[in-house]
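Two complexes come next, and they have one chain in common, chain A, joined by chain B in the first and chain C in the second.
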Partner chain A sequence: MPIVCATGCGRGIKTMFKRSALPVLTVLGVIIALWYAACVPMNSAWTAQQLARSGATMTVTETVGAAWSQDRPRLPAPHQVAVELWDTVVMKKITSKRSLVYHGWITLSATLLGFAIGTSLGILLAVGIVHSRAMDMSVMPWAIVSQTIPIIAIAPMIIVVLYSIGVQGMIPKAIISAYLSFFPVVVGMAKGLRSPDAMQLDLLRTYYASDAQGFWKLRLPASMPYLFASLKIAVAASLVGAIVGELPTGAVRGLGARLLAGSYYGQTVQIWSALFAAAILAACLVAIIGLIEKVALRRMGMRQ
Partner chain B sequence: MNGLVFLRVVSNLVISAQNLDLTFQTNDGPVHALKDVSLKIGKGEFVSFIGPSGCGKTTFLRCIAGLEQPTGGQISVNGMTPEEARKARAYGYVFQAAGLYPWRTIGGNIKLPLEIMGFSKAEQAARVARVMELVDLSGFEKKFPWQLSGGMQQRASIARALAFDADILLMDEPFGALDEIVRDHLNEQLLALWARTGKTIGFVTHSIPEAVYLSTKIVVMSPRPGRITDVIESTLPKERPLDIRESKEFIEIAHRVRDGLRAGHQDDV
Partner chain C sequence: MIYVVFAVLLWVSGWMLNVRLANGPHAQSRSIQLLVPAIFGLTILLIWELIVRGLSVPLVILPPPSMIAGRFAGSLPILWQDFVQTFVKGALSGYVIGCAAAFILAIVVDRFDFLRRGLLPVGNFMAALPIVGTAPILVMWFGFDWQSKAAVVVVMVFFPVLVNTVAGLRDTSDMQRDLMRTYGASYSQTLMKLRLPAAMPFIFNGLKIATTLALVGAIVAEFFGSPTRGMGFRISTSVGQLALDMVWAEIVVAALAGSFFYGAIALFERGVTFWHPSQRK
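Presenting the complex of A and B:
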C-alpha cells in the first residue's frame, strides 16, 4: 500500500508538473517574444535619428540588432535586463552600492518591519472589532477610508512629518509599508474570528466558558486559515509600501532609489532590473508565507 | 400512599417547566415556537421528544439549557434557573452535528470542556481515557476528526458531553444523520451508558422506534404553535435487548406515539 502511494504520488507530481509547467512556459515564451518584438518600434526612432545625422544606411537585420542592444533603450530587451540582473545580483559584492542585493536588503528590512507592525496592528484591531460593537462601528469605516487615499499622496506627508520630529531612514518607510499591510489583515482576521458558527459558540455557552476562553480556544484557532490568506496579500502590499516610501525623499539606497535614479539618468535597464528584483522578492515573500501556512495548518491538523 | 409517591417524585425532580411560552420576533413577524409547555422530568429519566419539524423540540431543549430565554412561564433545573444550572456545569449538550474542532485531535476535543472547567492535567487525561472507552473509541485519541467516520465523530461528541460528568445530558437528534445499523448500535450503547451512570437524558428524535426503544417517557409535540400533545410513560422494562422492538408491548407504545403525532397533524391541516 505505501509503495503504491509512493509511486502514485510521484507520478501525480510529475503529471502535475507537466500539466502546469507546459502552459506556464508557453505563456512565458509568448511574452518574451512579444517583448522582443515591441523593442523594435520602441527603440528604432533613436537609431533612425542617428542614421539621419550620419547619413549612413542600415539593413533590417542591423536595425533590429541595434534596437536590442542600445545603451539607453526606451524599452530594454529581455536579455539586457537579464544581464543587468546577473551583474548586479551575482557579480557585485553585496556591500557595493551597485549591488541589487544590497539595495534589495535595504527595502526588504523596511518591508519586514512594516509587515510586522501592520500585521500586529491588523490583528489587534480585528480582535477589538470582533469583541466591541463600538469598535466595529468606528474602526472599520476608517480602515476602509484609509485605503481609498492614494498611497503616493500620503507617503510624502508621512515622511515630512516624521522628518520634522527627527525620524528618518527605515522607520518612515516601515510605517508606510504598515499603512498598506494592516488593512488586509484586519479584514481577514475579523472574518476569521467571526467564522465559528452559532452551534460552536452555543457549545461553549453550555460549558459556561468565559469570553477569553472562547477567544483562545475557538475564535483564534478558527481564524488561522483566514489570517494566512490575508498575510500573503499583506506582505506583497508591505513591499510596495516600502518601495513607495523610498520615492519621495530621493533616497539613495533601496530598490525604490534604484528606480528613481534610473529614471533620473535614463537608465532604463536599471529601472527594469530593479522592477524585476522587486517582483521576484515579492514572489519569494508570498511563497515563504505560503510555506509557513502549510506547515502551521498541517500541524494543527487542518490539512491532510 | 398517593401522597407518598407524589413526595418522592417531587424530591427527585430535575427539570420542571410550567406554562412555558416562547415567541421569536422575526422579520416576517412573531413565531410562536412554544405555547403553554408544562413538563416535569425526574432524576434518571430518559425522556424523548418527538414531533414534526418545527414543533419546537430544539427550542425546548435550548430553554432547558438556558440557551434561549422563554418569553413566558417558569423553568427550573435542579431548583435553579437554567442560567445558574449552566454555571454549575449541569449540562452535557450534544448538538445535531458533531461540531468537533478540526484543529484538535479527538482526545483534544474531549478535553475542551475539561480545560475550560479547570480540571488538572492528570484528571483530564484520566477522564478522556475513561469516556473514550465508554463510547468505544479507545485508540483514536490522537486522530483528527476528518480521519473518523460520521458515526465515530458523533460518538466523540457524546464523549465530550460526558467528560465532565454533568447530571443532565441533552441530545438534539444526535443520530439523525447515521445509517440504521450504526444507529441501532449507538442506541444500545446509549442505553447501557444511561443504566450505568443514572443520568437524566433529554433526547430529540424523529424516529418512533428510537423514541420507544430508549425512553422511560415520550413527549409528543405538534407545531404552530409548538406544544405538547401527549406524554407517554413507557411500560417497557429497564433491560432492553434490541429484539424488544418486536414485542407486543413495544408495538402498542409505538402505536400510541403514532396516533399522537397524527392527531397533532390533523388539527394542523
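Presenting the complex of A and C:
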C-alpha cells in the first residue's frame, strides 16, 4: 500500500503510532487481560479442592493469587509462561537438555533442511511445468488436488518407514517439512513464471530471444513476487511439519517432543512455553523471508 | 526383474501418450484436460504396483496399491467409524463453529475501525503460527473425545477466515459506497446488499483454506490422545503395528474426505458468487 506523504512527513511517526501501533497494543493488552481473567475460573477448581481438604478458607484476592501462581495450572498465567521462557531460553546453557534453544535448534535445523529441499524441488518442477505442456497437464491438477489433502496424515508413516530402513534423526523430519513446503512453492512459482503478459512475451520474440533467454531475463524475474509469497507460506508449513514429525515416534529432542512430554506429564507451563517458542520461531522465519523479499524486490526495481 | 522392465516401458509409453495428447489438436477440450491427468495418475499407480512386486519391496516399507485397495474394501466398517469420529464429529463441527465465530467477529471488527487496525495484524500473525501446537493443551482441557478435536479445529480455522472476511468487507470502492449513501441506505442495508456480496470471493477463499486446516487439526489432535477410534488414532496405532496397508487406507479416506470437502465448498462458492469474473465461463 503506497502511503502518500501529503501533509508533511514530520508527523509521520506519530500518526503511524496512532494508526497502527496503538490499536495493536490495545488489542494485545486486552488479550493478556482476558488471559489473566480466564486463569481464575480455570485454576480455582484445584484451589477449592485443596481448601475443602484442609478445611481452611480463602479471601477472593488470595484465590486469585493462588490461581496465578499454581505449579501445574490448567491455564498458566502469562507471567508464568514468560518466566519459564526466560529460564529455559536465556538462563540455561544452550547445550543443556532443558534449554529451549537446544530443542528449538533441533526443530529449526530439520525445518531449514526440509524447506531448502522442498523449495528447490518445487522450483524445478514449476520450471518443468511451464516449459512442457504435457507435464503441465499431467502434474498440475494433482499438485492442486494434493493441497486439499491433509498431507500431515502420512507424517507418522514416513518416520516409521525410514526408521525401519535405518534412517532416523533429522532426515525424516526434514522430508516431512520438504513435502509440506513443496506444493505451495510449485503452485506459486508456476503462476509466477506465467505472469508475464502476451505483450512482454511478444517483445522478447521481436528481439529474437531464445527460450532460455526469455526464461532468465523475463520469466524468472517476473516470478519473484509470487515466489516470495509462497515461500512465506512454505516456511511456516515446514515448521509445522518438523514439529508434527516429532510427535509419533516419541522423540525426546525438539519443540514437538517438548509439547508431547509436557502433555504426558501434565507440565502445562512447559507446553505453553514450547508453544510460544514455536510461535516466535515461525514469526522470525516469516519475517526473515519478508526482509529478503523487500531487499530483493527493491534491488530488482520492483516496488512493493 | 521383468516387472521393473515392464514398469519402465509403461512409464515411457504413458508419457509419450500424454505428450501426444497435450500437443495434439484437441488439447483444449475438456475431455482431454481430464484424460491427461487421469492417465498420469493411473500410470503412477501401475508403476508403483509393478516396482513393489518386481523388486519385492518389504510390506513394512511400501505395500502395493492392490493390497491397499483390498484392505480398504475389507475394512469399510472400521474406516466409516473412524471417518464419522474424526471428520463428522471433530472436523465438521469445529469447522462450522470456528467459521461462524470468525465471521461474526469479522463483522464487528469491520464496524469499528480501531478494532480492525488492532486485530488485523494480530490475526495475520496468528494465521502464520503453528497453531496445531495447541492440540495438547486443548486435549487436556476438553478430554479425549471429539470435543477436544473440534476445539483444535475451531482455533485453526478461526484466523484465516477472520482475516479473509475482514479483507473482503473492505473490498468495495468509494464510488460504490457513495452510491449506497446517495440511495440513503442504512448500515445494515449497505452491508447486506453491497459489502457482504462483494466480500464473498474473499470469504470463500478463507473457507477453502480452512477445509484442509480442519482435517489436519482433527487428525493431529488425535495423536495427543483419543478414544479407540478416529483416523489419527488408527494411523498412529497401525504405524506402531507396522500394518502399513491400513495406514494407506486411512490416508485414502483422508484424501477423499479432504477433496470432497473442498469440492463441496467450491461448488457452494460457484452458486453464491456466480457474478464474479473468476466463475464466469
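Going forward, the second predicted complex is superposed on the first by the 281 of 304 C-alpha atoms of A that agree within 3 Å, B and C clash if a C-alpha of one lies under 4 Å from a C-alpha of the other, contacts with A are read in each partner's own complex, and residues count from 1 in each chain.
Keep this in mind: contacts are C-beta pairs under 8 Å (C-beta built on N, C-alpha and C of every residue); 3 or more make two chains touch, one makes a residue touch a chain.
Quick caveat: nothing in here was measured; it's all calculated off a predicted structure.
A.B. asks: Quick one: classify A:212 as touching chain B (first), chain C (second), both or neither.
C.D. replies: Neither partner.
A.B. asks: Answer with first, second, both or neither: which of chain B and chain C does A:52 touch in the superposed model?
C.D. replies: neither
A.B. asks: Comparing chain C with chain B, which touches more residues belonging to chain A?
C.D. replies: Chain A has more residues touched by C than by the other partner.
A.B. asks: Could you say whether A:60 touches chain B, chain C, both of them, or neither, answering first, second, both or neither?
C.D. replies: Neither chain B nor chain C is touched by A:60.
A.B. asks: Could you tell me which stretches of chain A are touched by chain B in one complex and by chain C in the other?
C.D. replies: none
A.B. asks: Give the list of chain C residues in touch with chain A in this complex.
C.D. replies: Its residues touching chain A are 15, 18-19, 21-23, 27, 32-33, 36-37, 39-41, 60-62, 114-119, 121-122, 125, 128-130, 132-137, 139-141, 211-212, 215-216, 219-220, 223-225, 231-232, 235-236, 239-240, 242, 244, 247-248, 250-251, 254-255, 258-259, 261-263.
A.B. asks: Looking at the complex, which residues from chain A come into contact with chain B?
C.D. replies: Answer in residue numbers: 199-200, 202-209, 213, 217-218, 221-222, 224, 300-302, 304.
A.B. asks: Which residues of chain A touch chain C in the complex?
C.D. replies: 19-20, 22-28, 31, 74, 132-134, 136-142, 145, 147-150, 152-154, 156-157, 159-161, 164-165, 232, 236, 239-240, 243-244, 247-248, 255, 259-260, 262-263, 266, 268, 271-272, 274-275, 278-279, 282-283, 286
A.B. asks: Of all residues in chain B, which touch chain A in the complex?
C.D. replies: 62, 65, 67, 86-87, 89, 91-93, 95, 97, 99, 101-105, 112-113, 115-117, 144, 146, 164
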